[in-house]
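So that you can tell them apart, the chains are marked A, B, C and D in the order they are listed, and the count of residues begins at 1 in each.
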Amino acid sequence: MKVVTIGGGSSYTPEFVEGLINRYEELPVKELWLVDIEEGKEKLEIVGHLAKRMVEKANVPMTIYLTLDRQKALKGADFVTTQMRVGQLDARILDERLPLKYGMIGQETNGAGGLFKGLRTIPVLLDIADEMNQLCPDAWLINFTNPAGMVTEALLRYGRHDKVIGVCNLPVNIRMTIAKLLNVEEERVHIDFAGLNHMVYGIDVFVDGVSVLDHVLELMSCPEKQMSMRNIAPLPWDADFIRSLGVIPCPYHRYYYKKDEILEKELEEYETGVTRAEVVQKLEGELFELYKDEELKVKPPQLEQRGGAYYSDAACNLMSSIFNDRGDIQTLNVRNDSAIKDLPSESAVEVNCVVTKSGPKPITVGHLPVAINGLIQQIKSFERIAAEAAVTGSYEKALLAMTINPLITSDIKAKSLLNDMLEAHKKYLPQFKERIYITL
Amino acid sequence: MKVVTIGGGSSYTPEFVEGLINRYEELPVKELWLVDIEEGKEKLEIVGHLAKRMVEKANVPMTIYLTLDRQKALKGADFVTTQMRVGQLDARILDERLPLKYGMIGQETNGAGGLFKGLRTIPVLLDIADEMNQLCPDAWLINFTNPAGMVTEALLRYGRHDKVIGVCNLPVNIRMTIAKLLNVEEERVHIDFAGLNHMVYGIDVFVDGVSVLDHVLELMSCPEKQMSMRNIAPLPWDADFIRSLGVIPCPYHRYYYKKDEILEKELEEYETGVTRAEVVQKLEGELFELYKDEELKVKPPQLEQRGGAYYSDAACNLMSSIFNDRGDIQTLNVRNDSAIKDLPSESAVEVNCVVTKSGPKPITVGHLPVAINGLIQQIKSFERIAAEAAVTGSYEKALLAMTINPLITSDIKAKSLLNDMLEAHKKYLPQFKERIYITL
Amino acid sequence: MKVVTIGGGSSYTPEFVEGLINRYEELPVKELWLVDIEEGKEKLEIVGHLAKRMVEKANVPMTIYLTLDRQKALKGADFVTTQMRVGQLDARILDERLPLKYGMIGQETNGAGGLFKGLRTIPVLLDIADEMNQLCPDAWLINFTNPAGMVTEALLRYGRHDKVIGVCNLPVNIRMTIAKLLNVEEERVHIDFAGLNHMVYGIDVFVDGVSVLDHVLELMSCPEKQMSMRNIAPLPWDADFIRSLGVIPCPYHRYYYKKDEILEKELEEYETGVTRAEVVQKLEGELFELYKDEELKVKPPQLEQRGGAYYSDAACNLMSSIFNDRGDIQTLNVRNDSAIKDLPSESAVEVNCVVTKSGPKPITVGHLPVAINGLIQQIKSFERIAAEAAVTGSYEKALLAMTINPLITSDIKAKSLLNDMLEAHKKYLPQFKERIYITL
Amino acid sequence: MKVVTIGGGSSYTPEFVEGLINRYEELPVKELWLVDIEEGKEKLEIVGHLAKRMVEKANVPMTIYLTLDRQKALKGADFVTTQMRVGQLDARILDERLPLKYGMIGQETNGAGGLFKGLRTIPVLLDIADEMNQLCPDAWLINFTNPAGMVTEALLRYGRHDKVIGVCNLPVNIRMTIAKLLNVEEERVHIDFAGLNHMVYGIDVFVDGVSVLDHVLELMSCPEKQMSMRNIAPLPWDADFIRSLGVIPCPYHRYYYKKDEILEKELEEYETGVTRAEVVQKLEGELFELYKDEELKVKPPQLEQRGGAYYSDAACNLMSSIFNDRGDIQTLNVRNDSAIKDLPSESAVEVNCVVTKSGPKPITVGHLPVAINGLIQQIKSFERIAAEAAVTGSYEKALLAMTINPLITSDIKAKSLLNDMLEAHKKYLPQFKERIYITL
């Protein structure tokens, strides 16, 4: 079996390699190709050598290949994972800071920042899908590049490769957190997830097959028991709101239900120069210093501080279920088909799927609860227009996507912000080169 | 023919009476019953006597009845129009000012203000529908009480009387404005409207049957040519945004696409004590002074300054089309059925309908343009929860409706604001009497 | 205005010309191009000269052109009507007789016969649509070639010209019949039609806007008051069945609800050599003899005996409503969009439409009554596969369409019949030339 | 755990008891209550004593109770299975013979026979559901009484107990047959089933997760390799038709795609007095003679000849998966929700489900293939009207259900047949007592 990881120089790679090592018996990967681009060559070397040391120490017959030649790597692959950051963390800093300049929330995968991460990332992923269609038509593309919702939407609507799955660590993390909250083993907890990436809700929660949703909602009313994530300020939910919502929100929902509190927090960070991207940049620097250590032969524990834990784990699990035709249930970003009645068949959704050798099949959700349908629809409309903008390089579509996003508070500011961000990111937005920014 | 107007003491009544007088030949109303409640008795007397003088001067054989006995009035009616303001303008002042206290937009039919107008109004309308079902089962209920979207939603889902139509003057006004913009006679202009009340878009515009949408969008890019309304600040749209939207927004859309600018304007008015409700209250006082004048025997021209012009005209037109089985096209709030594919069959929508004796039948819209689907869905979800809250008196549903409204920016502020507004309006919210406001 | 009639040599043409003459003031057609193919040249000459005499006698400034050059005719057209019979009446005789050989109903537009008429006709119509897209992109294609349902389905799904409307005289005839049944003027009767071509039901019936459906169903229980048509045996409906159905069936529904009685009747005709096609062939011969008479300068009354009366009238009415942006309601075959909730948006349906200059817009039907949904779905599935077979020339799709048709009673007989009919019609089925008929 | 089997005197019960014995470790049923009615008392005694001997011999601690007191049995149950035959085999003989008298297919679960089996059975099942709602609200009702599609439809739409699942042995049998055809172990074969009960198709077939659909279709083209069942004549499919259908039909589809051949076969059996029911009646007599043998302490091998093999196995499997929260995939009759996009959410469908402690959740099917959508829709419409007729006792609805059934060939014969069958079965159709049969 041949696995290709595009963006192989990522600081997450050691977790992925560890996952493959631990699962070697069920998922015998003979070749792991780590691919990166010229700009990422140094990081690829560092991470790649750590990976080789890990494999050697674990004594599994997996060969690690490091390359900048993507097409060579893709040829004959069985699985391709993608985990890149077009423009690297410098671009993320801009995604976070520029909206704040206009008094609007700046975030990696939401609002204006999410839109621009999508605009930069989607064309690259579509190119990869094209190449896969030529070079490894039977391989699965397992994307965990953010914004995974927008990216999967674009791959499903505009891509030439059908076997595409978006993976996120959020559902796994929510399940863990709820298991802890309930003080039961994780395996006993099952959650019916439905929604979009970073916009997913737990519609029902079961322990040993018995619904405990009301109890979980009650527990979640205590601020100290609420889930949070490293990249999101742990602002407490209003207890009555959680009860009235009737389903489990995900941490990212704070951006929509707690706009004021999030914005206040972010403006503080903006002033002090420690937005999340800046924190992460520092962390990554430290991680790569660690990785360089020739004595390091395992995934260093510090990586878990990084924020994206379990991403690679989720990807390994998925590959193993496909390879072994396992038929277990995983929460994935896939074509909706008829899973969620209120959303288009062709769109990407994040739902529970049965995973077999022929890929994931979504389990029926039916109608979304009214309480959450509106917001999910709004984000899906945004994602569709954003994907169209990314593919066409249309200034108008980009402006439309920006303005209808619920974190944007003014059409006029939307345009100024759009113009600023197009300018700031222009190196990574070749499709927009013929834009005319200003009407008047 | 017998017409009953509930909220007969409204300052708009003279326009309605004028409409009936002018249409007497096509719509021979023999009895017009103006009904009001004890609190509105004085206004009913003033307006009612003006109405009688108007009818006498016009020399049409229509008898005006003034009464506080609603059931007596409803008996045997052919058409019932409803135009009330539960809690009168004092309540509207609170609807506008209380949200602003929390830094959120305060408005009569949108956001927290709209929600509370709905909570006060819906139970009264449902009572009227119940009585109609008993006393005049074949009569049409023509509602122009705001928030007409939420009210029609509640009447369709929870009411016992099926023959219900919501009327708004907005589509008529937009058509007039666009006719002026194009410099053609109004009759030559046709607009395909679709959406919800105060959330309606012109999907296409025709002159003599030929689409001129792009031209209208181009004209609307000039700030000085943009539609506005007396009750909405005439803040200009961004020209590129209008083009990218690709459909005609209504003036109320400023609350959603220009939140910052609207809020700034409103906060100014808040400080200076001249919110729209306060302006209207003053205007109404002046109007009633005019109405008292025994020499006044026609609708005074000052009424047009009031803001709701053409409401009664729209209602008269509708009654006439039904009565005469006319088969013309009007934009109305009706059960969606399959008109808009993306919205529930049972929900109220504002769409073009063919109006015959058997009532309005919506013309097919198909899928909404992606650009507007998200926002419309969000408002519809809000309206559904709001209607449920109004009917059940559930604190949780009210909190949920408030928090998911796109003009609300924080779950925690939503709860404080909800509590304040429940307290301020408690006289008009008997269904909420057993609520417990605070969790902690 | 330039109108082009393809299949101009049809015996119906004098009715069409009469329609244009009578409507000249509202629909000033300057040029009428009658187009036919080499095989139809003689009939074109005969009919064309009658048309010229009619126009001359009526003294309207309309010029008649006769041509075999379709592309020349199409250039710059405003309306194109199509009324052809690929393979002429000889092919129809085969369509009727071959199924009867296998003990299955043979009919022009239903069952195996309808399928083969579709297979012969659809490619020709698609060619015309292609040419229109090049030569007169703004013109409307008004098709009254049968099977109009299948043909419109194919034009909407596979054609390159969007402005397509299918017209049938059936709804007009049903309305007339019901008006007579009720003894009221036709203009006072309105019927809510819904379904597919030759599979359309009257969902509700109104006189002066008041529903009289139950009364009509009661009247229709009397066998002597039931509608029939020249081409369908007037077999009476079971009175209780009509009541239980709850909607008005069309005469063609006898093929589905009275299979046994129809088949018995047809087998009789088969034996005696007077199937409908054979009757019509004789009638047409007589008509053309009449048409040759140089003294004949009007539509001869005998034409009404022919069976398709009011077809051309329906087409003229439609053109006039479009030209004059009239906004009246007509029953047409158009893209479903969201009119009938249970059918695909892209499919052709026969429903009431508002007709304006921008074309017909269907009025909302919502869900079909359960009683009729099943049969309509079955015919629509058949039409979709049949259209696919016609376009692709796939033997398998043709076999599938044949076998799933509800008038076909065996997969094995379906194949034998298919093979026979492919052989018999091969001259007109060039797309099937590479078929392999037999598996074993 | 307490299991209740209504219709406990059925000849199938030994298979069910064997299933429980074999699964005792995973599904520890402490009490098995076999319930029957007065008419079935003797059979209950015979079967019940065999069951006791089986349990004793197997030495499992399960107690068998025999009772005619249904309510006593239901109290506190965990699972209730229903396997009755209202009117016993004598009624089935009528269901098969009466339609044949009119030249129409007579069958237990299809056509007129299936309709009447539904009319007799549904009210009894609804009563059981009502009692369960009172006496064991948390128990699952697992129905394998035919016609399971119609019955599940009625239970879902009109019943007061939500936890309802319909089970059929057909999908299990098809899987076995295909495994044999492919010569692989059954466990390696997975089939995506979709449709309705006895109207289910294999949309795709996998071996070890790899699609082998085309290969299976190819194999099925050989008449000798086609599936058949004891109760359906093994008439071969046309090879080309199977290929063109593109999905795996079930044996019952012969009634729809091979009407002529089936009818011919049945008319033969009719003449010779050996319709299927008559054969089964004889077999059952022999089985009960065997069951009486005190030395018999296991399920006798002759039972497998009976025809319904694996029914009880399917039921035991289902109970075990629910009890053990197993999460495996089974093909069940459940509420559609959004599994099959083309069918109503509220309707019963037969689809693959993930089975957990909280019951079965259907896996997404999306749109049905066009080739099969029409027939499935038609049967679903029939089932809906049939269920309504069964619940209301409306003569009109019964006539409508009969006439729209695709195996019925004439409205007039439909009425005569309906009248005959209502008369013949009147003892078991109390809900129809006030009918008026004849209009004229």
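Keep this in mind: contacts are C-beta pairs under 8 Å (C-beta built on N, C-alpha and C of every residue); 3 or more make two chains touch, one makes a residue touch a chain.
Nothing here was measured: the structure is a model prediction, and the numbers come from that model.
Using the average of C-alpha coordinates as each chain's centre, D ends up farthest from chain B.
Between the interfaces C-D and B-C, more contacting C-beta pairs are found at C-D. Centre-to-centre spacing of chain A and chain C amounts to 54 Å, using the average Cα coordinate of each chain. A separation of 46 Å divides the Cα centre of chain B from that of chain C. Chain contacts here close into one cycle, and each chain has exactly two touching partners. Per the touch definition, chain D reaches chain A in the complex via residues 190, 204, 206, 208-211, 322, 325, 327-329, 337-341, 345, 354, 356-358, 361-367.
Residues of chain D touching chain C in their complex: 103, 221, 237-241, 243-245, 257-261, 342, 370-375, 377-382, 384-385, 395-397, 399-400, 403-404, 406, 409-415, 439-440.
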